[in-house]
Amino acid sequence: MGRVDMCEDIDLQVRIGSLRLRNPVMTASGTFGYGREFAHLVHLQRLGGIVVKGISLRPRPGNPPPRVCETACGMLNAIGLENVGVEGFIAKKMVFLQTVNTPVVVNILGDSVEEYYEIAHRLDGVDGVGALEVNISCPNVKKGGVAFGTVPEMAARVTAAVRRATRLPVIIKLSPNVTDIVLMAKAVEEAGADAVSLINTLIGMAIDSRTRKPRLANIIGGLSGPAIKPVALRMVWQVASAVSIPVIGIGGITTAEDAVEFLLAGATAVEVGTANFYDPAAPEQIIQGLKTYLYEQNEQSVRNIIGSLQTG
Amino acid sequence: MGRVDMCEDIDLQVRIGSLRLRNPVMTASGTFGYGREFAHLVHLQRLGGIVVKGISLRPRPGNPPPRVCETACGMLNAIGLENVGVEGFIAKKMVFLQTVNTPVVVNILGDSVEEYYEIAHRLDGVDGVGALEVNISCPNVKKGGVAFGTVPEMAARVTAAVRRATRLPVIIKLSPNVTDIVLMAKAVEEAGADAVSLINTLIGMAIDSRTRKPRLANIIGGLSGPAIKPVALRMVWQVASAVSIPVIGIGGITTAEDAVEFLLAGATAVEVGTANFYDPAAPEQIIQGLKTYLYEQNEQSVRNIIGSLQTG
Amino acid sequence: MPEFQEKCHVHAIEQVAPDVFQLSVHAPRISAAATPGQFVMVRVGEGFDPLLRRPFSIHQQFADGSLSLLFKKIGRGTTRLSRLNNGDVIDIIGPLGRGFDLSCQEPVGLVGGGMGIAPLAFLAKRLAAGEREVAKDYVLLGARDRHELAPLAAVFTALGYQVRTATDDGSMGHHGFIPDLLADIFSEIQLVYCCGPHPMMKNVVNTCAQADVLCQVSLETHMACGLGACLGCTVAGRDGNYVHVCRQGPVFYAGEVGWAE
Amino acid sequence: MPEFQEKCHVHAIEQVAPDVFQLSVHAPRISAAATPGQFVMVRVGEGFDPLLRRPFSIHQQFADGSLSLLFKKIGRGTTRLSRLNNGDVIDIIGPLGRGFDLSCQEPVGLVGGGMGIAPLAFLAKRLAAGEREVAKDYVLLGARDRHELAPLAAVFTALGYQVRTATDDGSMGHHGFIPDLLADIFSEIQLVYCCGPHPMMKNVVNTCAQADVLCQVSLETHMACGLGACLGCTVAGRDGNYVHVCRQGPVFYAGEVGWAE
């Protein structure tokens, strides 16, 4: 039996709460559109899951341009959560996704706890939606714009509201812009989250020295890409060591080795983000590379390596 | 008059409290040894200032190896604050630095408020010491290892103690691993800091997928280099907009444009860190490039561009 | 519309003017599917610095499965591309976006400035391949100087177009800007295809609007993906909305986008 | 000791065995100041990825101001270096660290494995240039196979040394490891200079200790600066302390460092 065949026997399945994934490699919110954008370039049905661009209750136009800029091994974005709104999503975007035999995770966002509740409620029972990922890096307008994801109590309240609103698995997506991410993870675990995913982008900034203007119209934006991988991996390791719900690792993942690092650190699955921009082939290559890795490491199942970091 | 001559007329002087710098380009703590290490490669007397490796009350052996690893556009270090101790520093390292006509900033660290006080007191009046930079990213052993730099009250207490201990300008070096760096900056400003410098390293991690071991013996380490520049710049801008004491920008600075970005964001001076490793010529090139930039921008003095970011 | 990610061999890389390069690659699937005005996203180098792909219009397309890009070295990505050698492999995604609307059968003007001339070459060839009499069409080209302009202008002349030129330094054709030449031809054309620096396009768009001549423009903006996924490539639309250049464009009718300062 | 940062032109780059390259550069100041066992820090590429310089021993040094490195392609940095072309410019800092102690006038053994042979070539040449009778010295070299070993062994043979070899696959010399050959020569030498993979060096150090033969080893460890500034290059010293390979080494007497697992 050839090596490729051996690799094909390897079990890549993982579970996030009640959501079963054929493999642990998903695409991250905001970096894969609504799936269809990549339909020509990627075998969508081979992915572990597709996390769609963040959806709010009503459509949002997003920020003025420029919205993106490149940084060392990374990029900044200040898209401003442009999206079609939950009704537009269900009517226009979900239809295509329902034809793809791959779990769809809907990333949701809101200005208030009530808004999170409403979106979650609206998506409950929508055909083809496999789970909700709750972006809590958004400002709470009722609390002077402090991000939900930076105050444990606020994060817990959003979690509890979404939990009540839906029977779908609830994944809380944590912000890395905090002193103690373990505190945040524990707060949302206690409030009923089925899983946590991390990290969202680090807050950053870039300036055009010639014009003396910020490179983003919004002045500050979210840093993503390989540059942030070490921070993401550290946080995933800390969180996975502290909570009992599954952890999904995100941040700069481009290669199978990157994904393995997150799995070893305790992630049950990973999301590939910015890499989709510079290499749409990345998620599929990671899936293939994971098999090769497991074969070389003499492991039958990806589940065997989760959290198997040797720190002794 | 040629362009180079024109550039020579440009005024690069800045002040950090009572400390006068011939130009705003210093070298960052832990990346330039005790100055002497670079004496063959760098014209030390052209630098704006030299910040030495962090000094503790007693010598420290540091962490077991491996202590460094490369990441995308950055590196992780877990040196573990290896240093010769304050007496060793004065006896062995200061002697050489006294022969260099460049301001020396001594970076200090401690396990307790008392220790910070003692080191600061010991360095007060030592010939050639121009200022103290207080690294508050260290764990407070009396508070279960929480870093001084993550709790405003603890940071304020260290600041006040060092302030009492010395007549030297006191620069508090802030940790970026916090939810709200402005809170920290304001707390230390109120407690008597003459300036703040930021950022210290972000906490990160890397794993060798083959061996399943962390790449650093210490498991986690500090992320530095171009990868972190956007985060550093954002924090410098936020802090400079909120405090009235001078801000020193640090994080991934390699080129004159990088330095200009920090100055425009409100930094009065900058420190070049990891770049010293991959390009020891960087600080001098930045100084030269700053002059060219100011000439092209038709500015006589570097002070004119500090905080001149156009956000309108 | 089909899109492909191809690892392409470099056929030829030529410096056609100071800082201007023409890069030919073998990209059979992209080449076969491409229409004028579409672009490709090119990965520059292997590491993560620079990280993002760079967008380039398809400059020429050939029946043998190759295509060429015309680019100016302005930064880190284009500097790397300029150092490619024959036989090197680069990773290209395309063809992307909405190209020029070719439905106009009346005489047209092709108006290009600087690297904006790149997509017009493909357009000119495709137009010439149709039923139309290209001798009635006009091509107005502007650039810094004759070094940059002459080799490009030759492409259009060879196809039988009437070519008029302008250079910033007067070293070839009109000493000044392209829009100056537009008024002369308005009576003879129905539509302008335009690509060039933003201020020039704005000027052309205004001039066309006044003369009631339709105008299609190809826009540039910073792009992270080129695929409609990042939503980073927005520009202002007509009425306070945003449009995404990579999917809704890069070619727009002038009226579809905002031209405010 | 003087140190220089030089932008060096590549003189020649040759593949001497599968994955093994010899890179010759013009670095007059570094070359003039270098002593055997010292190393250089090489910047790989221009961007920030890979970020850090790579350390390499000086393999050969020539009176015309050039020097050469011998390296194996094992990762991203060495892959980039292997793609250099004649005339390319690379940025090198050196000579760095403490080289071999050359004071021993008695017969010695030069023991190298794999790329650890690199610094021994410079050492052998310098030793041969002195008063000593190198025909009484021994050179023991090990590598994966004859492809890797033969060209390297030739350098030492040409200098008049007695060369003995071992290969992992038996394709040249002894089929097995270098330390196996040591016992034979202990009666004739006073000191061993050793450089190679860590397990091999440990083995050599132990064997020497038992035979009461002095041993100098050249160590490898991850380095961020090579200048004594980052304190990243520590290895365990003799009694629980740490030593910094880049300044206190890379060459140590075996007794100066710890050899525990």
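Side notes on the structure shown:
For clarity, chains are labelled A, B, C and D in written order, and residue numbers in each chain start from 1.
Going forward, a residue touches a chain if its C-beta (ideal position, glycine included) is under 8 Å from a C-beta of that chain, and two chains touch if they have at least 3 such contacts.
The shown structure was predicted, so the numbers you read here are calculated from the model rather than taken from an experiment.
Chains making contact with chain B as well as with chain D: A, C. Of all chain pairs, the one linked by the largest number of contacting C-beta pairs is A-B. Among the other chains, the CA centroid farthest from that of chain B is the one of C. Mean C-alpha position of chain A lies 47 Å from that of chain D.
Inter-chain centre distance (chain C to chain D, centres taken as mean C-alpha positions): 54 Å.
For the pair chain A and chain C, the distance between C-alpha centroids works out to 36 Å. In chain D, the residues that touch at least two other chains are 48-50. The set of chain A residues touching two or more other chains comprises 71-74, 225-227.
Judged by the touch criterion defined above, the protein chains are all mutually in contact, each touching every other. Of all residues in chain D, those touching chain A in their complex are 48-49. The part of chain B that touches chain A in the complex is made up of residues 71-74, 76, 150, 177-180, 202-207, 209, 211-214, 219-220, 223, 225-231, 233-234, 237, 252, 257, 260-261, 264-265, 293, 305, 308-311.
Partner chain C is touched in their complex by these residues of chain D: 45, 47-50, 76.
Within the complex formed with chain D, the chain B residues making contact are 30-33, 37-38, 40-41, 53, 61-62, 64-75, 77, 79, 82, 225-227, 254, 274, 276-281. Considering their complex, residues 2-5, 43, 48-53, 91, 93, 221-225, 227-236, 241-242, 247 of chain C touch chain A.
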